[in-house]
Structure formats: C-alpha cells, structure tokens
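I've put the structures underneath this note.
Consider the two complexes below, in which chain A is the common component and chain B and chain C are the respective partners.
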Partner chain A sequence: MQGVFSQVAVMGSSGVLLCGLILLWRRGVAAYITAFTWQSVVLAALTAAVGYFGDDPQLYAVAALLLVIKAVAIPRLLRRVAQRFTVGREPAPYVNTGTSLVVSGLLVLLAHAAARPLEAIAEVPTRAGMPMAMGLLFISLFIIVSRKMAITQVIGFLMLENAIALLAVLATYGVPLIVELGVFLDALMGFLVMQIFLYDIHETFSTADVDVLKRLRH
Partner chain B sequence: MFDTAGIAVEAGQALLALALAPALAGFIRWMKARMQNRRGAPFWQPYAELRKLFRKDMVVSRHASWIFHLAPFVIFGSTVVVSLLVPVLVTPLPFNAVADLFAVVYLLLLATVFLALAGLDTGSAFGGMGSSREMTIAAISEPAIALAILSLALAAGSTNLGEIAARTIARPSSAISPGHVLAFVALFIVMLAETGRLPVDNPSTHLELTMIHEAMILEYSGPYLALVEWASWLKLLVFLTLAGNLFVPWGLATSLAPSALAVAFLSTVLKLVVLAAAVAVLETRVAKLRLFRVPELLAVSFVLGLLAVASSFSVR
Partner chain C sequence: MEETLPLAGLLAPWAASAALAWALRGPGRLAAWLTAAAGATSLAAAAWLWAIALRGGAATAGPGALFRVDGLSALIAGCIAAVAGLAMLPWPGLEKGPADQGRSRVFRIFGSLFTLSMLVAVTINNVALMWVAIEATTIASAILIPLHRSRASVEASWKYILIGSVGIALAFAGTVLAYFDFVSRLGRREDALNWTLLMQVAPTLHPDVLRLAFVFLLVGYGTKAGLAPMHTWLPDAHSEAPAPLSAMMSGVLLAVAQYAIIRWKAVVDAAGGPAFTNRVLMALGLLSIAIGAFSLVRQQNYKRLLAYSSVEHSGLICLGLTFGPAGMFASLLHLLNHALAKSMSFLLAGRILARYHSSDVERVSGLVRTMPATGGLFGAGVLALMGLPPFGLFVSEFLLFRAGFTSGHPVAAAAALLLVGVGFVGLASHLARMLHGPVPDGIPAGEPHWWVLAPLAASVLALVALGLFLPGGVAGLIGRIAEAIAT
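The block that comes next holds the complex of A and B.
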C-alpha cells in the first residue's frame, strides 16, 4: 500500500511537471492554456489520491476547488484574454526551444539536489514527489523570465502557484482548508489584477510583448 | 547453456521476426489508410513488394564503389543479429550473455552508418542530402537513447536485456514507476526518429524536400533495395518489440515449454499490434516537423530521459 501510494505520488507529480514542460516545447497561447488546464486536472487528481491514501477527507474538497477554479474558471478567463488580444504565435522567446528544454532538465536535476534535505526530514510516503514539485517551481520561474509575452508570463505565474500547491500537498498532505481557501482567493485575485495589467499594457502599447515596455524609460 | 533446444528457439525467434516485419509495416500502412478514409493495400502487400524486388534486375550506377555493394548486406546482417538478441518470445536465451542494450543500439547504428555511406557513395545530390540529414538526426538522438537506456539499466541494475525484462516481471509495481514510464516515452520518441516515422521523416513520400530515408536508398533497385527495405521494416519491429517486451514484459516465456511459447507468441503479436496502432494513429494525427524543429523534439526526449534517470534515483 505504502509502495503504491509513493508510486502514485511520484507519477502524479511527474505528470504535473510534464504539463509544465509542454509550455517550453509548444508554441501558441492556446496550447499553453490547454497545458495549464491539464496540469490543474492532474494536480486535482493527485490531491484527491493523496486524500484517499492519506485518509484526509478535507483534501477532496481542495481537489474539487482546484478543479473548479484552476481547471475551469481560470482557463476560461485566459482564453477570453487571449481572444481579446488576438494573440496567435508567441514571438521567439529570449532562450530558444532546444536550449530552454535542456536548461529545464538541468533545473530539475538542481531541484533533486535542493530537495534532498527536505526529503531526508519528511516522513510521509509522498516525499519522493517533492523534487518534481521543486523542479516545476524552478521551471515556472524560468518560463516567467524567458518569455516575452505578458500572457505567457501570467501562465508561468499560475504554474508557479500550482507548483507551490503541489509541494504543500506532497510535503504535509495540504495546509488547513481555510489557508487553502485563502491561497485560492489570492491566486484568483492575483490573476484578475494581472488581467487588468494586461489590458493596460495592451491599451498603452497596443501589444502584449513585454519587450516593448523598454519604451517606458524614454 | 548452449543446448540445441535453446539455439533452435533463438533461430526460430529471429526467423519469426524476419517473417513478421513486412506484415507489421503493411499493418501500419493499412491502418493509416483506414484512418484517412482510404481502402489501403492489404497488410501482406510488403511481401508482394519483396517478391517483386527479389525477381527484378538491378541497375547500379557506374560511379558506385564496393561500399554500395557491401552496404545492403551489412544493413540486413546487423539488423538480423539484433533480432537474435532482442527477447521476442523467450527471455533467457543462449545469446543472452551478449544481449546488451548498448550492443543492440550500436548494432542498429552500424546499419544507419552504412546506409548513410551508401547514400553518399554514388555521389547523387539526393543521396548526400539524405545522408547528411540522417547523420544529424542520429547524432542528436544518441544522447537521448543513452539516457533512456541508462534509466532502464538503473532500475534493473544491469544493461542486459534478459535481466531488465526478468526484473520487471519479478517486480510488477516497477512497471508504473515514473522512471519506467518516462523512459518509455523517451525511447518511443527516439524510435520514431530512428526508424524514420512521421514527425521526423515521412515513410510514404518521395517528395525531395522532406525525405531522409528514401533519399539515401534512391539509387538502390532490385534485390539490394529489397534487402534494405526488409532491414528497415525489421528495425521497426525490433524497436517496437524492445518497447513492448522491456517495458511490459508480461507474457514473455521464461521456459521453453510449448504452451509458454504459444502464450509468448500471442502476447508479442498483441503488443506489436497495439504499438503499431499507436504509431499509425500518431502518423495520422501529426504533421511532419520542420527539419529545424527535429532537434527540439529530440531535446524533449532527452529531457524525459533525464527526468527518468533523476526520478529512478529519488524513488529508491
């Protein structure tokens, strides 16, 4: 049972991580949004699985919330934003695809090294998935700094949020429900604020390419 | 160890692989045709092609050197040797001592190198272009293969094919371990690149801008072409068998009892059909990648292999 639980945890967190990697390989905002949606679905499934194996019914509620907010509501809002700006293909990122894939592989290795002390003190059977969550954290940060379009950066930020949620679920079977609710609200609010920023950037510069923001200096 | 029954099964398994390879290629073509709303040729069409080619005369370019004549035999021979090493039906075989994953991969690479040499040999423009592309892809798929192999070997504690299959049979839970699954996906992507399947090379076209494999064998005709084509189908079969029998080894016979062999035969055919169907679906769904995006695809495979290796360290 413990063995299966551990395998499921690692499997699920690998799935979440892989959805993050799709962002580096595919081009086009629609594909990014789909990847984010699937990531949230896998994360919700993993949360429910941890709730089942760890015997913590509260996690079912968290999983349901995850599904509603991150797999349905936010992707829908994102699609609307993407449609509004009629953004098709993303301009070439600062780091090309091949290099960024290799960099992300190295980041995951780094995460394995960084998560080692965490794994050593954690007692839970889900601890083996923690390096993946850390890896996703690093990769989302990398996405945020290496992409030019504001909406991609927002998706990177949302993935960062997913990574933190994953880490919480794996390390401590989730934080108390009330904290989780606060975090969800924060994420949603943060996203809405960013959406307003996006609109403003678009209004002012008639593009969502953050490279153009350098003009602010003049 | 080297008993006659074992050797007979070994030889029988290689012959079986040889006999099944054209059917596999035909099956993929048939299935693709069906999914694209065409009737498609029956799956035994490749046998008819082989028979036709073996009967035909050959035309060899005046500029061809001995490499051109040697290459088909090296390509065919090395692929047949590989099919002797891969566990098609039974897992511990007389040749198991040399059935190493590295040996398998580099024997297949030997065939690729000779194919590329033959493409260059006659000095035709297409052949050279095909060879150059093939070598580019082979060079960048190497690290990805090595990593996928390494993660399998780490899980089993050995690069021996029989050992890996036996280890997975002994511990069924390891088959759903992330290292295993990621390595499977990584190897599948590399397999597509190595056997010239769709996102990398289009096996059913002679359009000069896109072809890789077809460009190299453009100068071949008659029995030589038959050998090269047969070898390429066999290579596909070997890769699919590796994917099926290393990652999902159940059904593989562990003794030489006839009933176990029958089960092994059925399960191997079933696995091949499933994997071939996956290839056919994939080839119907995706378009060919631009040549410049192929390194990115292989980088995906490389990263998956890296993740597989990393997670096989963290799980234990």
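The block that comes next holds the complex of A and C.
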C-alpha cells in the first residue's frame, strides 16, 4: 500500500512538472492554456489520491475546488482574453528554446539539492515528489522573467501557485482547511484583477507585449 | 481574557466603511464623513490596544484566540490606523478632481478594504492567515493605482501586481516549509501555524529547514517591504498611485511587510540562533540603503524621490533588526517615525502636483512663495526624512547607528552611515531647488483653508515631539517589544 502511494505521488508530481515544461518548448498561448489546464487536472487528481491513501477526506474538497477554479474557471477566462486579443504565436522570448530547456534542466538539479534537507526529515511516503514541486517552482519563476507577453507571465504565475500547492500536498497533506480557503480566495481575486489589467494594457498600449512597458524603467 | 471590544473597534469600522461606500451612491459627502468617522473610531481602538499592551498584556479575541494583539501588533496597528485615518480624510483639492464622484467612491471602497486587510494582517495570530491578509493588500491597492488611467499608471500597476504576487507567493512557499517542519516533528494540528505556538515549539524544530523557509519568506515579504533587489516595482507604484494611496503604501504597507519579517525572524532565531537571519538581513538592508541613497541623487521626480527614500528607510529598519535588542528598539522607533513623515510628505506632494501639474523637480520652484504653508510643511517632512534634528528620525537613526557600533557591527554601521550621508545630499539639493527659485509662469499663489493643513501640521508636531522628548508611552511599548522578541 505504502509502495503504491509513493509511486502515485512520484508519477503525479512528474506529470505536474512535465505540464510546466511544455511552456518552454511550445510557442503559442493556446498551447500554454491547455498545458496549464492539464497541470491543474493532474494536481487535483493527485490531491484526491493523497486524500484517499493518506485518509484525509478534507483533501477531496480541496481537489474539487482545484478542479473547479484552476481547471475550469480560470482556463475559460484565459481563453476569452486570448481570443479577444487574437494573439497567436508569442514574440521570441528573451531566452531561446534550446537554452531555456538547458536552464530548466539545471533548475531541476538545483531543486533536488534544495529539497535534500526536506527529504531527509520527511517521513511521509510522498516525499520523493518534493524535488519535483521545487523544480516547478523554479521553472515557473524562470518563465515569468524570460517571457515578453503579459498573458504568458500570468500563466507562469498560475503555475507558480500550482507548484506551491503541490509542495503543500506532498509535504504535509495540505495546509489547514481555513488557510486553504483563504489561499483560494486570494488566488481567484488576484487572477481577476490581473485579468482586468490585461485588458487595460491592451487598451492603453494596443498590444499585450510587455516589451513596450519601458517608460518607467530607470 | 477576551478583549473583543477594542479589536472589533479596530477592524469593524473599516469593514463598515467599505460597505457603506459601496452602498451609498450619489453625492459622496456623507460617505466621505462616514469614512472619516471610521478612521477616528479605529484610531481610538488602536490607542486602547496600545494601552493594554503597555501594561504588558496581549488582547485576544475570536475562536481559539484567532486574533492576538501584543506590543508589536499594537504599535503597527496604531501606525496603520493613524496613517489611514489621515489619508482617507475628505481632502478638498488634494486630489485631482475630487468632484469625480465615481473615483472617490472606488477609492473609499478599496482604500477601506486595503486598510482592513493591513489591520487584519498585524492582529491575526495565525501566520498563514497573515499571509492571506497581506496578499489581499496587494490586490486591493493594485486596483487603486490606475485610478487616473494613463500609460504610466497602467504600467506601474501591472509591475506592482505581478512582482508583488510572485514575491508573496514565495513567502507562502516559505510558510508551507515551516508548517512541514512542524508537522514532521509534532504531527498535524489546526493551530500549528499560530505564531505563539510556533514560538513555543521552535527550539525543537529543525534549524536547516527553517533557514530554507526563511530565505523564501524574506524574499517574499522583502518584496513587499521594498528591499533591494526586489524593490523595482516600488518607485513606479508609489509615484503613479494617487497621493493618499502612496501615503498608505509608503507609510504603513512597508511596515506591515517588515512586521511579517520580524515575526518570522523571531521563530527562526528561537530554533537556531540569530546568526543566519542577521547575515541575510544585513546584506539586503545595506543593499537597499545603497540603492535608495544613490537613486536619491539621480532622480528628477519628487514623488519618485520620496519612493526611493522609502527603499532607503526600509533598508535601515531591516539593518537595525540585526543589531540586537537596542537595534530592534531603534528599528521599531524608526518605523513609527518613517510612517508619520513619509505619509505626510506624500499627501503634500499630491497638493504640489495638483498645483504645478508636474512631478518634475525642474519645473517646481518657488514653493515658499506660491504655497507657503504647504511648502513649509513639505520642507519639514523632507528634512525629517533626511534625519535632521529636531525630528524623530534623527533620534531613531542615532540610536540605530549607536546600536550597530556597540553590538559589534562597526563596519556595517559605518557603511550605512556613509550611504545615509549620500542620500542626505541628494534630498537636500532637490529640496532647495523646489522651495526657492523663481515661480514658473501661470502658477497661481494661495493656500486653502487652514483646517485642510491642520492634520498635516499635527503630524509635524508629533515628529518634533518624538525627536525632542521620546514620549513615555512610545518608549515603554517599544522597550517591551524589544525585550520580548529580540535575541
């Protein structure tokens, strides 16, 4: 039983990480949104599985919320924004695809090193997935700083949130429910405000390319 | 003992104010005065909590003592209530187009929510819910930055919400790591993230894991506190926001983030000693002071000058935390002084902007002739920020550097002193240019009614009082905090 649980955790977190990597080699907002949607679905399934094996029914509620908010509601809103701006292919990022993949490999290695003291003290069967969560966290940060389009940066931020949710569910079977609810509320409100700003940027600058946002830089 | 009343008095008025501002359409005068009344009630409640903390108690309320106000909470809550009360007054002529009722309404709704979430952040005992409240401050304030829509303000708000949200997400990762450490030692508990419980069990936690958590927490909350190198959003957001919002963000939002850092530093120090946290805080503090000081020399925009001055002072507060109990005392006093001086200066900068229609130092001159009272008060605010006597910041900076030299960090203290000197020169030359010189064509002279400026004059008097004789209530409270938390 413990063996199965451990394997499920590793497989699930690898799936979440892989969905994040898609952003590095595909070029196109529609593909990014699909990758994010699947990432959220895998994360929700993993959360439910941890709830089942770890015998914590609260996690079923968390998984359901994840599914509704991050796999259905937010992707739908994102698609609407993307269609409105008819953005197809993203302008070339600051770092090209080949280099990005090498960097992400190094980041995953770094994550393994950073997660070592965590794995050393963890007793939960899910601990083998923790480096994956850290890896996704670093890769999301890299996506946010290396991309030029505002909507891609938002998707990178959403993946960062997923990485932290993954870390929480693997390391501690989720944070206390009241905290979880507060985090969901913030995530949703934050996304809605970002979405308003996406429209604002588009209206004011007639482009969603943040390269034009340079007026204040000094 | 349950002290529900003062806590309700602190928080409820702002919730009510947001709801009323939302419900009342039409002429905003009634809503404006209701907001002012909310500010006054909240300030009175903060004074009450301050008195409780001064006697050595901690007010608690809510199920499972969810809210808990000790000395540190009371100090920051007092700053927030005072600055928010000042900024949310109905400022005639302070803002561009107060006649624009829609904007005023939006400002009152989200300004009240912003204040409420800051107050919740500093009074709640659970550090994860504190995170939720601090994240809520980002959302509420980001909505208000592009109140006067322009390319610059849209850009500033985008930078703010993206950098702020990413930073604060990392702070949550740090919180999760600390919770993980707790769970792996003591099992899952609903109250595991209560700060009081964390402090009790900290000596049994793993210092390694907590250090990793602290790095995430410091990067996260440091982003909100305007610490370099995560400060890049701050000059844009603080200079593009409407003046009352800049006053609140620069005056007290930075203090709320510092509060979170102080709470977590106490936990990590209790687990593995202060050497590690002091080292990283000192590095970030010195870097912030350096970037703030050199930018003060280079900048040509007076709102951005005030913003970079916030980076510098945030760095000083951070540096002071590493100088032992005496440094903690100086830091907290500096935090209070800075909240008063900076919020007042931003409100006055808003008045100057409304008159000169330019935030360029080059185009603003002859303030002493066009707006003698406003110019005089602005001058006093900037002199205070430069750390000159007789203002409170002189005393707190003096105490801070002395703590540095006596606690075995002479190099850091000397470097900071030198950098503060650079910032001093920068601010002084810009201030002289703004106050004196010829009045540009087409700028009318004159001042509004005295009562408009009276609250700001009161801030100056408070700063002088803090500089000439440190009031017993303030020194007593900060002394208690330093004793209780510093290591």
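Here is the rule we use: the second predicted complex is superposed on the first by the 214 of 218 C-alpha atoms of A that agree within 3 Å, B and C clash if a C-alpha of one lies under 4 Å from a C-alpha of the other, contacts with A are read in each partner's own complex, and residues count from 1 in each chain.
Note that in this section a residue touches a chain if its C-beta (ideal position, glycine included) is under 8 Å from a C-beta of that chain, and two chains touch if they have at least 3 such contacts.
The structure displayed is predicted, hence computed values, not measured ones.
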Going by the touch definition up top, name the partner, chain B or chain C, that contacts more of chain A. C
Check whether A:186 is in contact with chain B, with chain C, with both or with neither, and answer first, second, both or neither. second
First, second, both or neither for A:128, with chain B first and chain C second: first
Please work out whether A:102 is in contact with chain B alone, chain C alone, both, or neither, and reply first, second, both or neither. first
One more residue to check, A:94. First (chain B), second (chain C), both or neither? neither
Residue overlap on chain A between the chain B interface and the chain C interface none
Touching chain B in the complex: which residues of chain A? 3-4, 6-7, 10-11, 14, 17-18, 21, 25, 97-98, 101-102, 104-105, 108-109, 112, 119, 128, 131-132
Quick one: which bits of chain C touch chain A in the complex? Just the residue numbers, please. 126, 128-129, 132, 135-136, 138-139, 142-143, 146, 149-152, 154-159, 161-162, 165-166, 169, 172-173, 176-177, 179-181, 183-184, 188, 190, 192-193, 206, 208-209, 212, 235-236, 240
For the complex, give me every residue of chain A touching chain C. 114, 117-118, 121-124, 137, 141, 144, 150, 153-154, 157, 160-161, 163-164, 167-168, 171-173, 175-176, 178-179, 182-183, 185-186, 189-190, 193-194, 196-197, 200-201, 204-205, 210, 213, 215-216
Under the touch definition given earlier, write down the residues of chain B that touch chain A in their complex. 173, 176-178, 181-182, 293, 295-296, 299-300, 302-304, 306-307, 310-311, 313-315
